[in-house]
Amino acid sequence: MSTTPSRVEQPVLESRVLRNNRLSDPHIRAVTVYLPPGYDDSPPRRYPALYLLSSHGSTGPSLLNWRPWHVTIQGQLDALIAAGSMGPLIVVMPDMWTRFGGSQYINSEGMGRYEDYLIEEIIPFVDRTFRTLPDRDRRGVVGRSSGGFGAITQAMHHPDVFGAFACHSGDLYWEYTCLPPLSRMHQELEQYGGLDAFIRDIPTIRPKGSTFWDLVMTVCWSAAFGGNPEVPRGFDLPIDSNTGALSEAVWARWLVHDPIRKLDSALYAEALRQMKLAFIDVGQYDEYQLQVGARVLHRKLDVLGIPHVYEEYPDGHRDTHYRYAESFPLLYEALQ
Amino acid sequence: MSTTPSRVEQPVLESRVLRNNRLSDPHIRAVTVYLPPGYDDSPPRRYPALYLLSSHGSTGPSLLNWRPWHVTIQGQLDALIAAGSMGPLIVVMPDMWTRFGGSQYINSEGMGRYEDYLIEEIIPFVDRTFRTLPDRDRRGVVGRSSGGFGAITQAMHHPDVFGAFACHSGDLYWEYTCLPPLSRMHQELEQYGGLDAFIRDIPTIRPKGSTFWDLVMTVCWSAAFGGNPEVPRGFDLPIDSNTGALSEAVWARWLVHDPIRKLDSALYAEALRQMKLAFIDVGQYDEYQLQVGARVLHRKLDVLGIPHVYEEYPDGHRDTHYRYAESFPLLYEALQ
Amino acid sequence: MSTTPSRVEQPVLESRVLRNNRLSDPHIRAVTVYLPPGYDDSPPRRYPALYLLSSHGSTGPSLLNWRPWHVTIQGQLDALIAAGSMGPLIVVMPDMWTRFGGSQYINSEGMGRYEDYLIEEIIPFVDRTFRTLPDRDRRGVVGRSSGGFGAITQAMHHPDVFGAFACHSGDLYWEYTCLPPLSRMHQELEQYGGLDAFIRDIPTIRPKGSTFWDLVMTVCWSAAFGGNPEVPRGFDLPIDSNTGALSEAVWARWLVHDPIRKLDSALYAEALRQMKLAFIDVGQYDEYQLQVGARVLHRKLDVLGIPHVYEEYPDGHRDTHYRYAESFPLLYEALQ
Amino acid sequence: MSTTPSRVEQPVLESRVLRNNRLSDPHIRAVTVYLPPGYDDSPPRRYPALYLLSSHGSTGPSLLNWRPWHVTIQGQLDALIAAGSMGPLIVVMPDMWTRFGGSQYINSEGMGRYEDYLIEEIIPFVDRTFRTLPDRDRRGVVGRSSGGFGAITQAMHHPDVFGAFACHSGDLYWEYTCLPPLSRMHQELEQYGGLDAFIRDIPTIRPKGSTFWDLVMTVCWSAAFGGNPEVPRGFDLPIDSNTGALSEAVWARWLVHDPIRKLDSALYAEALRQMKLAFIDVGQYDEYQLQVGARVLHRKLDVLGIPHVYEEYPDGHRDTHYRYAESFPLLYEALQ
């Protein structure tokens, strides 16, 4: 008996929590869902679900993009299942895009209630639309880069929702991840005519070179970590607008979001202790020095006695989607 | 009365001419086709067709990719039609991908009979599968970069098939387009362990940085322009394998493919003269100096008295898809 | 009556305080001294003296180097005097070179007692060898980059020795000047085989590219700011040797040396208040973001009511020797 | 009996042939001469002489510059003699600087009669001023990069003047050395406001970054190889001023100066055959791909049966002064 092939569905969900978000980003969005081989066979069967969070500058649907010399995410999942590396599962690729290149997967005054969107709207929608096993023990979260930050953060916030996570080359340890680009933020803003002009021009700046990406990342972090309902744009800059120096008060609010520091809270440590799988990896030559944060996290988890899988690879930050072949099977197994 | 929305179809075509190609690239491929708003309405209507050739390192289906802060090609086409800038038309995005990142849209011993695949297989397949106006006066070809080279080359070769073309930032004038990367080819090959090792490792080299892209482009050109049925891999390198110096004999065979030089042939000049639209543009700060070739082409067309539209933009090579908003309406109009 | 031309002398001084320094750098060095036009005329006349501190990676004698399309420092001084922009003065270019590319002009366990060398040995030697006006009111200190840091630091430490200073594009505000390269230090050390191997290989590493310069600067700072007599090499690294993360305890010792923070001390503020000229400049596009520290310093001096000259130029960090034409005449005037 | 130490003299020579050169560069210049240890001892002794030609962007006197972590040229020569690697010799470092960063050591309408300056003025001046052995068998020429081009070119032109040469990482094989930067020339000229503006601004452009150096090199070559007494500035550009494309006629005049092609002349081949030492080296990862020209030259010399020493090093173009330790002793020996 042959099995029906995998397929991708993109049903549309109208969000209540994203309505009237400050950046006027859409509140009606597709939810991209991979349904595994056999999903359409009878008798009906339910599957564990993995929430795959994209990195800054991309979004759920973009994970389907054709990329040169790469299998697509659908092909990669099909191959892992066909090879018996893991059983069939549903993979959800939510669209958390904003004008600033992403939402960081948290609620923020500056961008919108994206964490609520994920937890309160997308997950229930998926669970009622597709044949998931709607249980935290059968639901995992995974991502790369900013998506890896999203995965560990959501696991810390919602151990009742997620039973396992994988953080690939995640944004960790703000001193090295955020501070170097912050040192350049003032000069880069000047280059683009100031914050208001930059925000206005983001969609049309051409070409979008390395300076653009550097700056849009720091603006995104600013909106995510420096929220302030009192100011028109909903967030404070982490730098003094005259000198460009660090604004210590705002920076302190950023640090609260660093997963390294969050682990000092018993609540969040306890959340990770409840995970059936905590998977962390990084490339030892990461161009953003994320290997430092990964190592610090690894040691802190050891000190706290929190079981986890930790891997380093002899490569960098880019072109590392291949590592899903390591984490997906472990997640699948943990979610049994 | 409302109009049905546009949609994209990807029917599969089994190629005869690509079967057993030397790189073992697939001969069964999808053909990506944009069908305009109203296509599904009755009564049936026929449309002009535009063949949109992707640049090196990409392929027809990849033109559908989500790209940050860009509308998709479908969105861009919908918007141009909705705004009345042009009427509805069918856009075909063929998959001419190879292990070397593209086929250059010509037949070659090194890669395969991609020109035949386009002209003899894809176009007839599209014409019998979709409601095109199956006539050279209603069929155009357009592309950027290597796809721009493909567009002008196909127009030169097949004025009976195409009635109009647009060449955006196309590869032209081999002395500047090809020779600088050729000067680095020998050292880059050494870095990757030689040609055989490089060809073997192309899919798995990580990360694919600028040196990789530089080299895979020159290897692709080598296979396209230096074909030699007598040697195992089907093509000669344009450089001496010991010193790295230019192989003058092979280089001479490359030059034959430079559209600038092809214009010296009355046959090809005559082909372009038959075009209802010849559109050429370039960015004046093109990072590959393609503005030089574009200017030389422009002057040569003037000297030959071949009517054409020529535009320069104050930008570079990347992020220039926006220029389709200029060429598509002109092509549409020409194909009426 | 014609004036004798300027000349440079390089008398040799044997240092007592540098003897047996930890890096085995020479303790017998030349002192490079510019003697102005007319110095050799009779009757004898005494002159104010300026101590010109070179930037990291260079040394006093290197200021005499021929540089393409530049007048030499001797030519620049001659021209300013000839044009009447300033009167004649003696300029001393001390050699404070170390294996780590410079000494930062302070005493350190890691490198040696370079501050004592300057204050206790070079200055008395110059005053007894040349016809200076041996008085703090007639003695200034000036430098670029690390030399600018040296100038303001020496002015803070020794208001009894120096009566004026100029700090061009000086290292200021450690969060932006030092922390970004520190984030890369661990990975760079790995690349060179660890700290001991790097220190051993510094003279012979070829070519000395940007990674080398990045790392040797952080090693130099480490030796200057993280001194520890208890460890064999005389200094602690500011990073954890396992993870690469910031060592907070060592970093706190670094911060003490940041001129921005030193100004919080009444002693150092008072020292600057006694200056007859405090001159600070910077390029607003400084590649190391030193414009931020300069602006913070400028505001802090304003708040403290310390008179100073502050200039920003629309350029960067490199090729800015031309700005001596601004500071030297002001220093000359202040030292009258 | 102790030996007197080496010393450097810089006597001034007023040139007749450089007077009224088109760029208004000075015709009164110092000649920098290294006199070996023992030169000042009695009884007088005569020495072989080596003419050391500096690379583009530098000049004879700049070879004396202090460079970080390097011994000076004087120190390097002293050490080779002290170690017994070679005997004492005189090293002459002529100043062939021009506004365009160098003269390429040949006569040109665009810059001046620098070859005559070297051969007819400097050498006789040195021979009558210092105790050289004034004989082609005792006189060699050596250089790096453009200075390496100068060395092999002068050896080809003047076998009666020089009896040996060494060409380190020399400019060879114009297709790879010159053509890639020529492809960028038009765009770079535009960036600086055109050729006249660029020439006017050369001394004051700040900072002198990689684009500046790229362009000033091509302008220097243009003046050296494209001389034309009929035009005001004395040389033709090798590119079409409208399109930027190669001017084939001017390029053909450039090619005549490529040492690779010159070897096709029996006259020049015969000149090299008369050398007591022909030494060629290069780094196999030369950033300008000069290893290709070196290999082509090596093979051509083999085919012609011209004895020579050929070395490749596993490094690049920069920081390669250390290789003089290889060539100087061989040159010394050949000049016995």
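Lettered A, B, C and D in written order, each chain numbered from 1.
In this text, contacts are C-beta pairs under 8 Å (C-beta built on N, C-alpha and C of every residue); 3 or more make two chains touch, one makes a residue touch a chain.
As the structure is a prediction and not an experimental result, all values here were calculated from the model.
J.: Looking at CA centres, what chain is most distant from chain C?
T.: B
J.: Could you put a whole-Å number on the gap between the CA centroids of chain B and chain C?
T.: 57
J.: Averaging over Cα atoms per chain, report the distance between chain A and chain C in Å.
T.: Distance between chain centres: 46 Å.
J.: Which chain pairs here would you call touching?
T.: A-B, A-C, B-D, C-D
J.: Please output the residues of chain C touching chain D within their complex, sorted ascending.
T.: Chain C reaches chain D through residues 57-59, 61-62, 64-69, 101, 202-203, 206-208, 315-316, 318-320, 322.
J.: Which stretch or stretches of chain C touch chain A in the complex?
T.: Chain C reaches chain A through residues 173, 175-176, 179-180, 183-184, 186-187, 190, 242-246, 284-285, 289, 291-293, 295-296, 299.
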